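Across the two complexes that follow, subunit A remains constant while its partner is subunit B and subsequently subunit C.
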Partner chain A sequence: MVVGFAIVAAWELVTAAGVIGFRRPIYNALALVGNMLGLAVLFLMLNAQFLFAAQVIVYAGAVMVLFVFIIALMNPESDVTLGPARGSEWMYGIVFGLIFAALLGVLLVNQGLTGRSGPFTPEVINAVGNVQSVGTALYTTFLFPVEVTSVLLLIAAVGAVYLAMRRIR
Partner chain B sequence: MSLEVVVVTLIKAAIVIGGLLTGFAYLTLFERKVQARLQQRPGPNRVGPWGLLQPAADGLKLFFKSSSTPSGRDRFLYLLAPLISVCAALASFAIIPVSGPGPLRLFGHSIGWYVMNVNIGVLWYLAVTSVGVFGIFLAGYASNSKYSLLGALRSSAQMISYEMALGLSLVPVFILAGSLKLVDIVNAQHTWWFIIPLFPAFFLYLIAGIAETNRAPFDLPEAETELVAGYHTEYSGMRFALFFMAEYINMIIVSSIATVVFLGGWWGPFGILPGPWWFLLKVIALLYVYVWLRATLPRMRYDRLMALGWKSLFPLSLAMMMTTAIVVVAAEGTL
Partner chain C sequence: MTINLNGIGIDYGAILPELIVTGTAIVVLFLDLIIPARRRGWLAAVSIAGLLAALVASIPLWGQSRAAFGDTVVADSLAAFFNVLLIVISILTVLISPRFLRALDLDYGEYYILVLGATAGMMLLAAATSLMTIFLGIELLSISLYVLSGFARTALRSQESAMKYLLLGGFATGFLLYGMALIYGATGSTTLRGIAAFTTASGLGASSNVLLLLGIGFLSVGLAFKASAAPFHMWTPDVYEGAPTLVTTFMSVATKSAAFAAIGRVFIATFPSIASRWYFPLALIAIFSLFIGNLVAITQDNLKRMLAYSGIAHAGYILLGILPGTAEGFSATLFYIAAYAVMNFGAFAVVTALGAGGDRTADLSYWRGLFYRRPFLATVMTIFMLSLAGIPPTVGFFAKLFVFRALVDAQIWAPLIVAVIMTIVSFYYYLRVIVVMLAAPDEAAVEKERVGISTGTVIGAAAAATIILGIFPAVVLNWATHAASVHF
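Presenting the complex of A and B:
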């Protein structure tokens, strides 16, 4: 288990570096896909099989395919590369990097990464079924946030349709 | 996880991969033979009796062909794309239970007729195929050819659109069976196959499955008259064979899932044949439908195809899902 986690964690670091390191946009996007797949494997190792499937279907499968689509359509000539980083970009990078490092440091010092174990132990989840336990939680305890989110998504869909219709007219 | 479990799983995976590759080889022969008969001609009949060694001859030919590559390609992605396609196709078969809990014993353990019996069941298939889209898209992008890029765009847009209808048409089955595990779904069909109460869902699944695998009459990504061969225009030799392999294995998988989910899996009437044979017979029957459609129907126009997916299949599968849910709740008397 620890060995597996070490391998996946190393993969996550390498792909995360790839997301910001590659000079060709399509490789940046693909590194992000690799990163999301690694995250899905981490969910799997934590017994969260449904989260694994949702992560792969929604993020790696749907969102990132759109990203790759757009990159390929914006510059079909595959030799387009990003230019060298300018001075202001370095400055932003350093500022936000320091903020993020400070956040991580606070978590580590306060031992905030070790959560309390709740009622959903692997045995309980396996007895009910992974999808069933997530579904029950979503549609009983967290019903209101789920419904609010669905309204939000509906607004986004209506907005997208409006924008597309306006261009046709 | 003990060592034995790992070894048993690896052995089962090797058997499944071997079986799928053989199935792919003979599916090409099956398709050519059936299509030939439907068109009043004999089909391949020179290599071996009834042309039975034709797949071996084809394989050898493709293996020894020189692979020509386009000059402006993206080297890494050009090699990666066929691998993604084939791996995604092979991996999705892992969840399919070929037979019931029969006397299958290895190392003193009773083991199931599947590579893994995961909690999320069919979601595994949907997850793996959604990654498989990258294989097709990257092939078109990395080839540095307009035919390839257009074919890849069409193909991935088609797969993403029809995956919605495909996934939703399976939801009524989950509602009736009360589980996502394929083994539980087959066991729930011991008396009634789900095709009987859920025929509309089966029909929707079949159409979406044909579009999902880019087969005729929905094979627009490789419409020869406009796009040469679509996303694999610039691939030749063994690399082309890998895409071909992925397409045919995907056909086998869509048929297998239809068998398991709607046609009662390994259960057959009268108990005259053992489970795996029933499974095989049903899969072959569905594959025959694939070939039959290809030999019968003309190709659709692309905008019609997208309209069919989004404006007909998607709402219909949603309606089917709602109806099933209401009927099940009403039958339980909690409405």
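Presenting the complex of A and C:
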């Protein structure tokens, strides 16, 4: 289990670096697809089969295919390549990133992590089923957040339509 | 397995103000399709009517303590305080909008929908008592504001500002969400009440719980970004400068208020038992904000940028009130937020009135001799500048006084000394605006333009409030004290 997690976690880190590292948008998008698939595998390893399926179908499938299509449509002939990053930005990023990583490392080595196990153990989940557990949580405990999300999507849609569709006079 | 909804406490009364504002946004969305383009002023009228209804609906929440929907939102005095503040800001924004939207050729119904959406998000944030609703409130207000900052679609500056805000905002949201995930992992709860219960119960264990502390750290980054406190302030000057001044007016005061509502709920209400752990980082953020905001503001020749840095500095003052973790400090914070909302809204509204596009008219050289060209605007701007500097008899003086008094009572000296010194530094750039307006005018830049009745009234009312609250601060202070007492 730990070995499996380590492999997937390493895959996640590499693909995440690819998302920001590649110079061609299409590669960034493909790296993101890889990242989302890895995340789906992590869900599977945590006994969350429903989230695994949703992640693959919705994110890695539908959303990312749209991303790739749009990039392909926008640049039919040649991919847009981003300009080279400025040296000083890289330097700041690396210096502060290392400081941050060192701080985290010291904390973890000294203190260790103490997470709290919740009520949803694999046995409990398997007794009622994955889909039902997620559905019940969404429509009871998190009913209000789910409803607010719908408002959020409405506002986002209005904003997107305004930015994309309004003709410039 | 049956789904039982009785246990989660469905209480539409508790979220009635938010419901009304959201409903108004949907009504405006439909009306926009029906109403001919020339009559879009009606959309503003409908928005104001809805906001007024929400204002009325907020008042019964005062003095209550109704946790609703599985402890994700609460209707209490603190929420009512922020509801009233945010709705009033929103009403004033809509009141001054139609004229400038027409002037900029941006008179689209989406503007009102997005302002209402942002207001609903901010109100939700102020009432949120769960990590989920805090996140959704922040996202709702952020997405509305991303689009609003890019609302001037033909202006490159506006587009740049929206893009910067979106990218950096998304980055900050990543921190926020990661922090929330870690806090959930450490405490096993998404509601602030559950998190507080875990933190208190585990006593000393909580203050050495790495997962929890890291989570709080990341959460602070996300919230400080929204409050534009240094060192998470980088986006503020560019976004404030590039966005249409009308939008800057709204977001500079409303976003900061809502963000500090959440900061109060998180630090004061949820983590008082580990105050010794968050005191130092928050004090550092406050001191950074005071330094960077005040010192960089001196060098700015563009009024929108100057006010952006001044906003960063004020985030520092507001944060100072959180530090003691006392009822006195928190009520000083609330009073400061209200005072800042009034005076900063006024200052930006004057910048808007002088030129909504704000490319050239926000430049300090344009303000030369304003007293002789636009005496009304120059006079009220003087009042707002004096208040932002904290000179009596304005509300800004008492705002600073209450915060400083709370720090003295809590024996917190280092941040206090920085704040006092930086206040004196800030006199320079606030008073410079007044001096420039008094200088002999250039003959070239003589333009006669009327302020307009609604804008004039709004700006005049803000100026009057700045002075009246500076003479009688007790009313608002009592409200703030009562609202703050919710969590003590």
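Methods note: the second predicted complex is superposed on the first by the 121 of 169 C-alpha atoms of A that agree within 3 Å, B and C clash if a C-alpha of one lies under 4 Å from a C-alpha of the other, contacts with A are read in each partner's own complex, and residues count from 1 in each chain.
Here is the rule we go by: contacts are C-beta pairs under 8 Å (C-beta built on N, C-alpha and C of every residue); 3 or more make two chains touch, one makes a residue touch a chain.
What you are looking at is a predicted structure, and each value in this text was computed from that prediction instead of being measured.
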item: Which partner reaches more residues of subunit A (counting touched residues only), subunit B or subunit C; value: C
item: First (subunit B), second (subunit C), both or neither touched by A:S117; value: second
item: Which of subunit B and subunit C A:L143 touches, first, second, both or neither; value: second
item: First, second, both or neither for A:L107, with subunit B first and subunit C second; value: second
item: First (subunit B), second (subunit C), both or neither touched by A:L152; value: second
item: Partner chain in contact with A:Y162 - subunit B first, subunit C second, else both or neither; value: second
item: For the subunit B and subunit A complex, residues of the former touching the latter; value: 72, 74, 77, 118-120, 123-124, 126-128, 130-131, 133-134, 137-138, 141-142, 144, 149, 153, 156, 160, 179-180
item: Contacting residues of subunit A [partner subunit B, same complex]; value: 26, 30, 33, 37, 49-50, 52-53, 56-57, 60-62, 65, 68-69, 72-73, 76, 78, 126, 129-131
item: Contact set on subunit C toward subunit A in their complex; value: 1, 3-5, 7-8, 10, 15, 22, 25-26, 29, 68-70, 72-73, 105, 108, 110, 113-114, 117, 120-121, 124, 130, 132-133, 136-137, 139-140, 143-144, 146-147, 150-151, 153-154, 185-188, 198, 208-211, 214
item: Subunit C-facing residues of subunit A, complex; value: 104, 107-108, 111-118, 128, 132, 136, 139-145, 148-149, 151-152, 154-156, 158-163, 166, 168-169
